[in-house]
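See below for the structure under consideration.
Just so it is clear, A, B, C and D label the chains in written order, and each chain counts residues from 1 on its own.
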């Protein structure tokens, strides 16, 4: 559950995107990690690169390593960060 | 659904008893019908003959031809009268 | 009255929206839930009453259910119609076992299918409450030390002292 | 992740009281209700979410479900634990389909077994409400004229104008 991916550099985080957002941007991204990076800052960087992330951002919840986390959560290298659009299971 | 039983005299009613009451008194009785007989009067007559009917009487509901009916309901020959102790299905 | 394939008796009524039965054969949950599932249905609620072994410290060995079959079947249909009046388009199946049941067996299965879930929950709940209130079916519990018709203590509320009577049926 | 007998993927967690799964294979209601039925259980409530063909006049052809599987499975277990905290001794099974589903198929099945029925109803209702609120599973609807991720209109409440958007996915 560390989200560590053997094929990825340890100085990155893995970003997972789902549903419409995943279809538009891609389901998995590798993104550079830096000291002190938070979920919010990661979202800023992704939104600058992917306009769709900026559009979805007001509605997504965020999870780190498969658990919901607030946007001020600090990230560690190798973390798996998920952008969770409004769910529609059931 | 008339409760008419080919084997019974048309000047009788059929009485059905269930659960503990049926075990004690018998599950089916044939009882004489008379002009103007109501459910309440039938219960009076049964209670005089079967002490268990008197004991159960405060708790039984009554049905005529498979539908709940109040005790002032008049009976016709051939009717099927059920004494329904507190139910416990489900 | 008809017969199951194995000869056990069965009382049954089936319409385009409802399926009601009293039977001495085991109840199959999947068959009931499939009956109430249709293209217009998005939510199915199923309630199962199962035979519990322990009731307030007393062990049940098995149960026997008895019914006034013709009347009980008619009333189950009436309960289905009540659900349809409240939730138009609902599909309803209610099957109740009769005869001897072992621990863990399904005594009653109620399935209600509706477009949305509020109605499915409300419908199945309505039916089980009304069954326990007014459908002429009776349960006899058999314990290690005796047996007892539930409700037979001549009160409208079973177990008025909070547990089944101590003695065997008198 | 494991595999169904036919090779379809399956994510599963099972304890002595709970059984949680995400699977591309059809869900069998009887298996779930049997899992939550035990000698101490007297009431089982099952909720099924099924694939509805018509939503406000629009015809669904089929659905595709996608999930963040590891997180969804963990959260389903958490929901089971919430029911256990509220209703000690409850048994819980929750299975959710993934991949393509046809009309009438079961998308989610929730079974809760408890000694008495209030808790069984409350438990299954709690789980379906929480799934729709916070478990990372998404539904894509395919219509004759397009497709649409439900929730994707960027509002927290699907169908804010009372019906699905008219156009195909953009």
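Convention: contacts are C-beta pairs under 8 Å (C-beta built on N, C-alpha and C of every residue); 3 or more make two chains touch, one makes a residue touch a chain.
It should be emphasised that the depicted structure is a prediction, and the values quoted were computed from it without experimental measurement.
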| item | value |
| --- | --- |
| Set of chains adjacent to chain B and to chain C | none |
| Most remote chain, CA-based centroid, reference being chain C | A |
| Intercentroid distance (Cα basis), chain B paired with chain A, Å | 74 |
| Whole-Å gap between the CA centroids of chain A and chain C | 50 |
| Approximate Å spacing (C-alpha centroids) for the pair chain C, chain D | 26 |
| Overlap residues in chain D, where contacts from two or more other chains coincide | 49, 128 |
| Of all residues in chain B, the ones touching two or more other chains | none |
| Complete list of chain pairs which touch one another | A-D, B-C, C-D |
| Residues of chain D touching chain A in the complex | 49, 65-68, 70-72, 74, 96, 107-108, 128, 131-140, 149-152, 154-156, 158, 169 |
| Residue numbers on chain D that touch chain C, as the complex places them | 28-30, 33, 37-54, 103-104, 106, 113, 115, 117, 120-121, 124-125, 128 |
| Contact footprint of chain D on chain A as seen in their complex | 1, 16, 18-20, 22-23, 55-56, 58-59, 61, 63, 66-68, 82, 84-90 |
